[in-house]
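Two complexes are shown next, each including subunit A; its partner changes from subunit B in the first to subunit C in the second.
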Partner chain A sequence: MQKSVFRKTIEIIIFTVFIFFLFAPLLSLVIWSVALRWYWPHTLPQEIGFDYWLQALGITKSLTLGAVNVVPAFLLSLGIAIIVVIITMAIAIPAGYSLAKLKIPALLKGIILILFLLPRAFPQLPVFLNLMLMFNKIGLTGTVFGVILVHLVVGLVFAVWITASTFSSIPPELEEAARSVGATRLKAFFKVTLPISTPGLVASAVFVFLTSMDEFTGTFFVGLPFVTTLPMTLYTASGSNIQFASVIAILLLIPSILFMIVIQKFLKAEHLGGMGG
Partner chain B sequence: MAILKVNNLSKSFGNVKAVQGVNFEAAEGEVLSLLGPSGCGKTTTLRCIAGFENPDVGEIHLDNRKITTIPPEKRGIGMVFQNYALWPHMTVYGNLAFGLQIRKVPKDEITKKIKKVLGMVQLEGYENRYPRQMSGGQQQRIAMARALVFEPEIMLLDEPLSNLDAQLREEMRFEFTELQRKLGITAIYVTHDQAEALVISDKIVILDQGKIVQSGSPKEIYSSPKNKFVAGFIAVTSFIDGRIDSFTEEKKKVIVKTDDGLVIHGFNNSFDIGKKVSVAMRMNVIKFIQDENKSDKNTVNIFKGKIIQSSYLGNIIDYKIKVGNWEVRTKSDAKYNFKVGEEVTFYLSPEDIIVTREE
Partner chain C sequence: MGNNLKNELAVGKSEIGVGVERPRSYTNILPYMLVFPAVMVILLLYLYPFLASFWKSFINKEGVLSLANYEKTLRLYRYDVLFTLGVTTLSTFIATVLSIFVAVYLRLSKGWLSNSIGILYRLPIFLPFVVIAQMMRSFLAPHGTLNLFLAKLNLVNIENPLQLFNWAGLTFGFVWKQAPFMILIICGGFQMIDDSYIEAARSVGAKLPQIITKILIPMNKPTILIAVTLVFCSLVGCFSFPYMLIGGKSPVTITVDIAHRVNYFGDYGVANALGVFSYIMVSLLALYYVRSMMKKGLYD
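Take a look at the complex of A and B:
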């Protein structure tokens, strides 16, 4: 009962986000990305074409458009995001479980949560500037590894919170029932708690993925000039070249939209799987 | 089937003493109920037996095996939870098979056992349902089946019927008793419903604030509650406090006097003269007398009072009567139709009066 309310809430939130934050801007981005000539006061471009797209995807090369091949940046962002999701979830699942289910004294629990929250509690720029200075000393600036570390810090905050709240929304009796019929703590976790929390955990992973794909500030300080993720190229382009910036922005959105669709399907399937016996 | 012994069990949460020095023993095949008000430590006691809580003090033995510190999965105890705790992502088959799979029971035998246990709880053919596709009563039966399917020696039940409506609850009481008798399984049954405890139990343990107040057979507890608290729990609705004044000649009847001058006769000779006691009355003790002249056979226990409240319940009426400084309740036949404020005369039959300790 509780679970389906939880699922519904997530679905509704995802949908609202989808409609309001994606569709409207997306339309304008799509138009901009194919606009070759678009002067005020026309509502639509006077001339359209895929020149910027071809350029950005590395299919054609021309010096006049001011666009560069962003495929390597895209793949780099995707790779970083996937690694970050894997590492984050590997940490967040046990951490969230411990916070939610183990008998940790309230004070200690508070301290742990605050530690996870701390990087977010201060203005981001000074935090990352500091991090950059630290990373400088140990030679991590300008490395992919350094950027992954930064994304982990950002992603873990959300992931631990979401997984902890997912696990604590599961009544403890479900695991206890498993133990009473003979399951060890580990078995009870893998056979009962984990399957029931899958939607929450997937939501958490998606969140981390999107955060990593989007991450700008930390990557800017720690990654540049050698690690150029997609948001970095977007930043460079956005000042001067709206068409090129729009292409990059859409590229950034594609994995997000795919993920949204996947999670939507997934939540539905989970739901229906339970309904149809 | 097994004997369960709980010795001097104590458990605190911070400064809440949930269970304090509890002792009891459930014999083989017996149903022992833990009965008491909310927060008296019933669930905590049960969880200590199941292994979900570590007792601070005390020992728990299952037959000759000391189980106080071994993990829950090694105790071999079946448990039925108040909210059933069926696994929502598994079908009935999955829920029932889990414990057997862990025990490495072969698949065809699992199927057979599940079929058998579903038969016992009268849900044949429900293997492929998910918990959410069943009614509360059906889920309850599956929870019971899950606790029984791996053939434990003892089962624990924490208010297993409290989420069902009154009628179904009564039906399930009998079903439980029948099933338990048939299997001969020892059961520890937590409830705060006295009627349920009286019907299903061989032994009742009454708890208050973590301590045992009284334990005994349902009959013992019903007919001679040890004090006002126990009486109040076993369907006693009215109390009049007083002191033991004297005994009748053969020391059969005891006479209780209250501070405001009421004199009440009852049967109980276990108190000394002068002892503070409480006269406890169930709903059926008070009998109205309409024509005073006709009731010459009773010379004692006749009182005058005033109706202060009346609730119409169809064929019966629930009256609250003020007598002296006391308020008593009775359910009477609807043929007596008194109005609020009306003076009434009534008789208390000494056999039905319980004289018990005041605190």
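Take a look at the complex of A and C:
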């Protein structure tokens, strides 16, 4: 009995430390986003309010607050992310289907798979740097289209893996059955394979959406200073204005948490490591 | 693998069966047509610049093939290369140990405490590093929330707060973000181990440390190694967090040096040589990762 009380106490202490380290950084962000005056070493801000929030959301326009409207940056990020999802999925679904279901010689397939593994294993920053040099030559640096291409590469690597493993989890007998009663390959795909794989494909699309919304390194090299997505705005604000930066950080983490809670059970654990590098 | 072959054969057979609908040549090139766009994107926008970083690292300022960039990199950034390796290794090590402990706890313990930890720990996985960077800037700052809290507990002298905008803060942020991801992967592996193994070990008198070191860890070695690899490789390449936390200081990570080299000096040769150093740093683990993923294939 004594021992079990002792164990429970230890468990609760560890739990408390765990909760503190998990949530304190997050809480710090939330408090800073509403802190109007906070002098060291006061435990809490002396004055709180939503001034920075209102300013960032474009509801008020004060010149003294040191915060700007981030709605345009948010809409830019959103627009880029949507286009990236459409292009990426249009490319990844056929590729994933082909790799999972169709006959490709083993050697070639191996080479293709390695090609899609390299970006996950090796640091991407030097690649973006040279992509920037490439884009400099053809005038894509600092353009939205250039940024879309960078996000496409980042998202495609995951999308192909996720769609391929989704398709390969579907028993080939289903499609064969449809074809044995006269459906064409195309019809069998749209009537049988696609509906069954919808959860996996949606998860993949959401994943691509979030990698684009959160993408930092590629946009930093290819997009700045002309294409300011939400993460770039956060970076710019970070050094100068802690309240404003906290507001943007919270705006950025809301979609990540919302979406991932919904789709995480459709994704393999390994893929989640690609979030927000 | 045998099964896949069978599937492929089956698909091949049915192709012949319905081959009357479409000319054979169409079905023959269909697989290639479908992967072609994806492969082209990766070749042009990934592989070409990837290879270019090797090539350009050997081109000096006059456009001549030389080792000058490497000489300069070693002279100026020797310490930063070691710093990157050190911080990444330390972070990966701490995250691994921590995540194994938490995963063991979640595997063996039942009750509302472990259930709630089992859900809550996932939170950092979904947050991008750029958000974590801002979070840690306010949390770990000399006058930040952590120092404030520790000062309240009298653990820190308020006049002399902890300085964490260095390797320590970097390690803290890396572990905060990546340990949960490792827990997720390792937990998945631990769930596969049947309770009967653990009960059998207990019945012959095995204590907790033995269960961990003799059953849980050995039976999950591949899973743990994959987790270690993914974390180590992602941390070597991480840019936003070190850049925002310690960007203006020294020592910094390789990725920050590359950005500085490009932004302040336009020196792509040395920047690429630094990039090659970061490739070399992950190369062993990256090769292990590629090899084990190829073995597993898409069909696991």
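As a working rule, the second predicted complex is superposed on the first by the 213 of 277 C-alpha atoms of A that agree within 3 Å, B and C clash if a C-alpha of one lies under 4 Å from a C-alpha of the other, contacts with A are read in each partner's own complex, and residues count from 1 in each chain.
Simple rule for what comes next: a contact is a pair of C-beta atoms (placed from the backbone, for glycine too) under 8 Å apart; a residue touches a chain by one contact, two chains touch by 3 or more.
As the structure is a computational prediction, the values presented were derived from the model and not from experiment.
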Touch test for A:G110: subunit B only (first), subunit C only (second), both, or neither? second
Name the chain, either subunit B or subunit C, that contacts more residues of subunit A. C
Kindly classify A:P123 by the partners it touches after superposition: subunit B alone (first), subunit C alone (second), both, or neither? second
Contact-wise, after the overlay, does A:W32 reach subunit B, subunit C, both or neither (first, second, both, neither)? second
Please work out whether A:L234 is in contact with subunit B alone, subunit C alone, both, or neither, and reply first, second, both or neither. second
With both complexes overlaid on chain A, does A:T184 touch subunit B (first), subunit C (second), both or neither? both
Between subunit B and subunit C, whom does A:E176 touch in the aligned arrangement: first, second, both, or neither? both
If you lay the two complexes on top of each other, which residues of subunit A touch subunit B in one and subunit C in the other? 176, 179-180, 184-185, 275, 277
Subunit C touches which residues of subunit A in the complex? 11-12, 15, 18-19, 21-22, 24-29, 31-32, 40-41, 43, 91-92, 94-95, 97-104, 110, 112-131, 133-134, 149-150, 152-153, 156-157, 160-161, 164-165, 168, 172, 176, 179-180, 184-185, 210, 214, 216-217, 220-221, 231, 234-235, 238-239, 242, 245-246, 248-249, 252-253, 256-257, 260, 264, 269-270, 272-273, 275-277
In their shared complex, subunit A is touched by residues of subunit B numbered 50-52, 71-73, 76-79, 81, 83, 85-89, 91, 98-99, 102-103, 128-130, 132-133, 146-147, 150
Which residues of subunit C touch subunit A once you look at their complex with the stated criterion? 7-8, 10-12, 14-15, 17-18, 21-22, 27, 30-35, 37-39, 41-43, 45-50, 52-53, 56, 109, 113, 117, 120-139, 143-146, 148-149, 151-152, 158, 176, 178, 181, 184-185, 188, 226, 229-231, 233-234, 236-240, 243-244, 255, 258-259, 262, 268, 271-272, 274-276, 278-279, 282, 285-287, 289-290, 293-294, 297-300
Residues of subunit A touching subunit B in the complex: 1, 3, 171, 173-174, 176-185, 187, 191-192, 195-196, 274-275, 277
